[in-house]
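Take a look at this one; I'll ask things after.
The first chain written gets the first letter, and so on, giving A, B and C; residue counts start at 1 in each chain.
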Amino acid sequence: MELFFRYVRENWVDLLVFTGQHIMMVLIGLLLALVVGIPLGIMASRNRASARIILTVANIIQVFPSLALLVLLMVAFGLGTTTVVVGLFLYSLLPVIRNTYVGLTQVDKSTMEAGKGVGMSPLQIMLQVQLPLALPFMLTGIRIAAVIAIGVATIAPLVGGDGLGREIYSGINMNNSARLYAGAIPAAILALLADLALERLQNATRVAGR
Amino acid sequence: MKHREAPTRIKGQAIRVSSALLIFAVIAVCALLSGCGNSNRIIIGTQTFSEPKIIANMYKLLIEDRTDMKVKVMPDLATSTVVLDALTNDDIQMASLYSGIILDNYFPIERTNDRASILRQAQEGFDKHYGLKWFDSYGFENTYAFTVRKELAEKEQLHQISDVKDKAQSMRLGVDTSWLERAGDGYADFQKVYGITFGKVYPMEVALVYNAIATNKMDIVVAYSTDARLKEYELVTLEDDKHFFPPYDASPVIRKEVLEAHPELQEVIDLLIGKLDAKTVIDLNYEVDVNKRNEKKVAEEYLKRIGLLK
Amino acid sequence: MMEWLSDYGAFLTSRQEDILIALRDHIYISAISIILGAIVAIPVGIWLAGSRIGWLNSTVFTVANVLQTIPSLALLAILIPLLGIGRTPAVFALFLYSIMPIMRNTYSGFKAVDPNVMEAARGMGYSRLQRLLRIQLPLSFPYIMSGLRVTTVYIISWATLATLIGAGGLGQLIFSGLGVNKKELIVTGAILAVILALAADFLLGLAERWVTAKTRSTPASGTV
């Protein structure tokens, strides 16, 4: 145990850098997933047929083992951060799409009618009524995506990426438990903090009286 | 009228959240971009065991000290094959490789056990077919070593690999993840040359084989000859009586175009050629693998001790 | 294209023993983890649904949630120094992962049982065991099943990481393929894992329909 504390004391700068890299990869992957996923979710909510296709494809990506997906992406994008970010983007898609879709489709029809009655265009209804009401659901999707992304990002070093997974791999490959924990524990804490923070955000946006 | 107010309040929050995310995005993309396309930077890739990591860090210190180039070390690439592919794809620019790798069908070779010939073929072949400059050796070889516990070796009188032929069926063999798949010097060809098949075969990260055999989870393992844990756990290496394994001299390898663009690197790389013998390397490995120290610090200490770094 | 397919076919035949062993190990690891997870999580979920001890509920759920949120590789890594490498730590880690979804769905299912139905049953003289077997379990069955299905797919996918700690499985094919740049190995390992997950989900769906038909009870609406 003291080996662990000594290691952290000696290398805390590196660990901080790894943590930063980890967060960065997750953020970019998540952002891309939002940019692509929310529109897809909106599309799915308006069109039954497209919903089926979009959700099925996203489902299959989700089931694909992360180890395999990252390795296959590496064949296309080479070693490095790009491969990891593309992988994180893909894994964040389903939660974002599905939760956007569910959030939008559960909006009370009468609320939307009210909007139409006041003279809102379909676009305005979407932007000013549906999306805001779907926000708690979407945030749940983001929360799930974030936790998954932080998890997948720990595998990044396998395809030349950075992040806290570096220490975990070093620990496994060099049979060094101190390093193992130096990578695993911050990764675990990161995931828990993200989950907690997003849960707070989610609760804050919940409509009163739901 | 709760419905009318709530969406407005949420909309305000939504706007705040999305702006924050957008700002993050911009910062993130900038950070990422600033790291790429940096032509004054090279990446040294390494395999998963300590030895090439120590050497890579030595080069990082030397190059950054003596030139104005920046070096990033990308460790833990799954196998030497992955390292070589990464070099070919320009995902990394430099690495340490072992001459015996030419047996894995990269280009036509002449199978021999002559150490100098294998090295020469590696240098010529990788230059011609892959545009890589394969330097002369650091001065040591790291080859595959069939290893057993001392008690077993003494009890069964095991001195060379052929000695295990009769017992092989009842033995558990531990190997690194690539040895089973390798062409030329992997398990398949081993079985042909020695006529030995083991009862159960377990692939795992090479770092784990030493502990596995020391604690009797395995009966025999294929270890790396310069690993310090061989001595640490009092393990016995069996002689390769049929000369199945080729020589595995270690050398730095760099993409030719990088060397042409930065000729100052030649001098720095030469600093370690012929300077690392097996004993030195085993001691360095010991510091990292047994004393559990960080390879960066071990590399730095060593360079300072031999006066290559102030 | 045809040539590629026949090459791949030849590859499959030449490596079929390794592939089958990897598949068998993968099924074994996944199945044991889920079964153990169910054995622990379902009773705990049932108990928590019936218990009135508020803090116990939140503690158990929090712990389970924490275990679920921790990245899989991190969890596997944390267990290595404690349990060593190989199947045992892999199964244990996956077991820990499976607890939360199964437990939560069981809990939701039991909570969703209409208290009036329970009252009626009590009035009719049903014992606690009878209430459990005749009312609660059948009514919450769709929830439990849903939890099991989601968990199964999830575990089969994450079991590919088991190879990193020497436990074998389909991840072994992926990892070996990576190591020697044999893309067919990588693709085979990946596709088999996906097929396995989808097949397991499908079979469990069939099982669910069969059980529901046998017990003649109307499933509560709304799967989680």
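We take it that a contact is a pair of C-beta atoms (placed from the backbone, for glycine too) under 8 Å apart; a residue touches a chain by one contact, two chains touch by 3 or more.
Note that the coordinates shown come from a computational prediction; the quantities given were computed from them, not determined experimentally.
Enquirer: Please identify the chain lying most centrally, where each chain is represented by the average of its Cα atoms.
Expert: When every chain is reduced to its C-alpha mean, the one closest to the whole-protein mean is A.
Enquirer: Tell me which has more C-beta contacts between its two chains, B-C or A-B.
Expert: A-B
Enquirer: Among the chains, which is located farthest from chain C on the basis of C-alpha centroids?
Expert: B
Enquirer: Averaged over CA atoms, how far is the centre of chain A from the centre of chain C? Could you give it in whole Å?
Expert: About 22 Å, centre to centre.
Enquirer: Approximately how many whole Å separate the CA-defined centres of chain B and chain C?
Expert: Distance between chain centres, rounded to whole Å: 36 Å.
Enquirer: Using CA atom averages as chain centres, what separation in Å is found between chain A and chain B?
Expert: Here the centre of chain B sits 32 Å away from the centre of chain A.
Enquirer: For chain B, write out the residues touching at least two other chains, lowest number first.
Expert: Residues 78, 205, 208 of chain B touch two or more partner chains.
Enquirer: If a residue has to touch 2 or more other chains to count, which residues of chain A qualify?
Expert: 158, 172
Enquirer: For chain C, what residues touch not just one other chain but two or more?
Expert: Residues 164, 175, 178 of chain C touch two or more partner chains.
Enquirer: Using the touch definition up top, name the residues of chain B that touch chain A in the complex.
Expert: Contact set of chain B toward chain A: 2-3, 6-8, 10-11, 13-14, 17, 21, 24-25, 28-29, 31-32, 35, 45, 48-50, 74-78, 86, 89, 91-92, 205-208, 210-211, 288-289, 292, 294, 297.
Enquirer: Within their complex, state which residues of chain B touch chain C.
Expert: 78-79, 81-82, 85, 104, 177-178, 180-183, 202-205, 208, 212, 217
Enquirer: Sort out for me which residues of chain C touch chain A in the complex.
Expert: 65-66, 69-75, 77-78, 80-81, 153, 157-158, 160-161, 163-165, 170-171, 174-175, 177-178, 183, 186-187, 189-190, 193-194, 197-198
Enquirer: Flag every residue of chain A that touches chain B in the complex, lowest number first.
Expert: Answer in residue numbers: 3, 7, 10-11, 24, 27-28, 31, 34, 78-81, 111, 114, 128-129, 131-133, 135, 157-158, 160, 166, 169-170, 172-176, 178, 201, 204-205, 207-209.
Enquirer: Would you mind writing out the residues of chain C in touch with chain B in their complex?
Expert: Touching chain B from chain C are residues 85-86, 164, 166, 172, 175-176, 178-182, 185.
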